[in-house]
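Right, I'll just put the structure down here and ask away after.
Going by the order they are written in, the chains are A, B, C and D; count residues from 1 in each one.
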Amino acid sequence: MADSKKVIQILRAIGSKIEEEKDYLTKLDQPIGDSDHGINMARGFGEVEKKLDDLADKDIGTILKTVGMTLVSTVGGASGPLYGSAFLKAGMAAAGKTEMNVQDFLEIMDTAIQAVQQRGKAVLDEKTMLDAMIPSLEAMKAEASEDAKTVLKKGVEAAWKGVEHTKDIIATKGRASYLGERSIGHQDPGATSYSYILEVISQQI
Amino acid sequence: MADSKKVIQILRAIGSKIEEEKDYLTKLDQPIGDSDHGINMARGFGEVEKKLDDLADKDIGTILKTVGMTLVSTVGGASGPLYGSAFLKAGMAAAGKTEMNVQDFLEIMDTAIQAVQQRGKAVLDEKTMLDAMIPSLEAMKAEASEDAKTVLKKGVEAAWKGVEHTKDIIATKGRASYLGERSIGHQDPGATSYSYILEVISQQI
Amino acid sequence: MKKFINETSQVENEMIQGMVKAYPKHLKKLDCGNVVVRATKKEGKVALISGGGSGHEPAHGGFVGTGMLDAAVAGAVFTSPTPDQILEGIKAIATDAGVFMVVKNYTGDVMNFEMAAEMAEMEGISVKHVVTNDDVAVKDSLYTVGRRGVAGTLFVHKIAGALAEKGGSLDEVQAVAQKVVDNVRTMGAAIEPCTVPAAGEPGFTLEEDEMEIGIGIHGEPGTHRDNIKTADETTDILLTQILADIDYSGSEVAVMVNGSGGTPLMELFIINNHVADVLAEKGIKVYRTLVGDYMTSIEMKGFSISILKLDDEMKELLDAPADAPAWKE
Amino acid sequence: MKKFINETSQVENEMIQGMVKAYPKHLKKLDCGNVVVRATKKEGKVALISGGGSGHEPAHGGFVGTGMLDAAVAGAVFTSPTPDQILEGIKAIATDAGVFMVVKNYTGDVMNFEMAAEMAEMEGISVKHVVTNDDVAVKDSLYTVGRRGVAGTLFVHKIAGALAEKGGSLDEVQAVAQKVVDNVRTMGAAIEPCTVPAAGEPGFTLEEDEMEIGIGIHGEPGTHRDNIKTADETTDILLTQILADIDYSGSEVAVMVNGSGGTPLMELFIINNHVADVLAEKGIKVYRTLVGDYMTSIEMKGFSISILKLDDEMKELLDAPADAPAWKE
């Protein structure tokens, strides 16, 4: 499905996409947050970008761990430790690998999403990035025997469905939870940024 | 020309006029001052109003002195000591009088305007209230032998001409002087309030 | 966006530099990032560290000094600092007595400080912390992340800082910090929003006759929008919520009328005039009042009222000597 | 007009009451009007009085306290207090050592304080005064009323106040006050106006991309309008004018970066960052820096830079103890 080179290419594409959607993600963070999600993510992936050249000949585990460390140390806010932990743990799961197949990918994603759950102590339906992550992972697992393109296509669909669902529910974690009922009707920025990331992976493989 | 009762009637009418023109006088004070001339004057004459009932049986000197003291202690800013000193000194000039004729009036005005000059150390053409006061006094003196109505009509005309003239000159005294050349084109608030006062006197006698 | 700034990306950095250059006898900046520590390290005492996003000036750098904090970590505007940045701060101030972290209750802050503490513990530094959550505009329930930490946090800095300066142990410092957290409540309101420089646009918008009641210190929405009211009426709304949350009756309190950055002191004093009257009427004795900009939201036009129920220990520590740029006692 | 106020006619009164209620150990209000004096009168020393219009908070009431003022008189917003009000202040603080008035150079202030002094002299109180005129945005010429008194006035309060506290005579206090006046220069800029409550409308208007250079503390126009520039560029414009007016080269200075009320501390620190760099480059040594809201213009978004050229006497007096609500040393 992807080797180290491909992974780096995907990460570069994620960086571009996040930069492209920076204002939109920040805007989503306005009514139910503090108007910085896009800025935070773009700052982090901008730093990641700078490290990619030096990672060209590294294994996928090292690449992902470096991304995780970079995100932890540059994003800040809630999304920093969450995405940071996700990539750090993904890196551990991919340690030593220079190639991954769909099976590997799904295992790595599983580990990453578990890391988000551990760090953030949130579950499904709390109006967080997990509302895109968990359903997309489940959808992909259900199609695990298909080719990578098909698997990812399903995952992206489920992720965006999850994003849509965040509009209907009350936030009970993160900054949006302070709003209680008033958080209804607004889309979660973190779930949105995750869906873009998955979308880029799906386009690149 | 006027007895104590008339003087009190005039002062009441001045109070109403100032209240009526409060916003306009304040607005004039915006481009070349600090947007408070109307507010200052209205505060002062509002306080004067409250004292008029108790002054009904007093001589003109006492009435004008009380007005002066009230203005000094309630107006503040530049116009407070200036108008205050004017009325205080006018009161001294009118001490004991219960009636005044045109001659008395012109002498009292002369004393009042001298008081403004002493307190403010300004002369003609510095873009202050004196630019309405001095020409109006001169115009009235020139017609001194006419009846009160005619005298005052000339005075009011000259006062408003003086107001117009303040637009053409650079302020060299008061807050407007900080503007230098930029004060040109703007009408002096103090000259304007003085002209309203004289206008009211002219209408009431 | 009308601001006296240069590059938006340099706002935090230049702000910290400008602060340290203003108070060289008090403050020093670490080379590694936007971490401010005391110009002279004091050994042997519990070291206090706090911080959060930038944009709350003078918090938190202005409260670094004798009798208060040992370090303040400044993240990007309204964004929690990162664990490695916090770790640098912890390492710079750590003593054998341990390090105490004052963390405001935001998901980001809590996670980043926790990660930093985990990393510090791995390097053999003992770290404890308190999470402040004084904002009664937000419901505290088992099913939410609880109340936000806002201006009441300053009382924790002052009181825990004073105990640390006096030689209190890490456990004692934690205990008194928790006591302050348990006894302080805050609520705010705003009539004009603030603009995060990097965002370039106000974080929210209000109509000409609207105000936000219960606003957060990052411009987060509060309990509701309301027609703009008199200062006394707005103050009453906030005080009612605060006084309903803790039983203050008959006790002595410290009051903080905190400006959000764009509110003139004139208005804060008008607000305090009514706060003092209402508390006097209710038989709540004001032991100390603080009026000014302590925990701001950039240039937001708003304010908050914090009320801390005091006991003798807290009174003594509140009055204890302090010499930080923004708090001298 | 969006403000946290009640009746516009009560703004000054409630503001002063709120200030006195916040600092009962420092301040007391006279019954007769908006005059704030020290809670405990100190006999035997020269008594300092200052004041002006309201709207400059913490000036002037916030600077009443040990080592600074003995009384502050607050007129209506942006309007000089009246002679009888000033006289009440003078009488409340007068001692055998005399009374010293610090007056900002505005026609209204000068005339009202002069009238008050004349009245006090008639009651046998010796009164001397200094007129501050630090604003270099305005030309000082024989044919004008000279420069305006602005934020540099605070240095006069502090330094003359310290000498009075130490027992300096009325002449000595006047001499050191005049020395400060001769050695301090200020200039400001603004990007958003302020609104006098009773007027209900901003005192001036600026386009979205405009700023006023050389703005006065009552929103009076300055030298010119300019396109809004970076903080560094704006700071350069002001510093150039200030440094051209006095020869500061090689000397030690005190710097005040003063906020106009609506400017966040974040921006003041960014400004100070550049002020410090420019002065360092020019070999002017910064002895002390003050950053914050000292002499505001209600909620105006602006700032001023004041630079005071110091000698040993002024340095000692600047550092001397002070305990006023808004200045503790």
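One rule holds for everything that comes next: contacts are C-beta pairs under 8 Å (C-beta built on N, C-alpha and C of every residue); 3 or more make two chains touch, one makes a residue touch a chain.
Quick caveat: nothing in here was measured; it's all calculated off a predicted structure.
Q: Identify the chains adjacent to both chain A and chain D in the sense defined at the top.
A: C
Q: Rounded to the nearest whole Å, what is the centre-to-centre distance of chain B and chain D, using the mean of the C-alpha atoms as each centre?
A: A distance of 32 Å separates the two centres.
Q: Which whole number of Å gives the spacing of the CA centres of chain B and chain C?
A: Computed from C-alpha means, the inter-chain centre distance equals 54 Å.
Q: When the centre of a chain is set as the mean of its C-alpha atoms, what distance in Å lies between chain C and chain D?
A: 29
Q: Counting only residues that touch at least 2 other chains, which ones in chain A make the list?
A: none
Q: For each chain, which other chains does it touch, given as pairs?
A: Contact pairs between chains: A-C, B-D, C-D.
Q: Which part of chain D faces chain C closely enough to touch in the complex?
A: Touching chain C: residues 2-6, 11, 14-19, 21-23, 54-55, 57-58, 62, 191-192, 194, 208, 228, 230-232, 234, 257, 261-274, 276, 289-291, 293, 296, 298-299, 301, 303, 328-329 of chain D.
Q: Give every residue of chain A touching chain C within the complex, in rising order.
A: Answer in residue numbers: 26, 30-36, 39-40, 43, 72-82, 119-120, 172-175, 177-180, 182.
Q: In the complex of these two chains, what residues of chain C are touching chain A?
A: 53, 75-85, 106-108, 111-112, 115, 137-139, 143-145, 148, 196, 198-199, 201, 203-204, 216, 218-221
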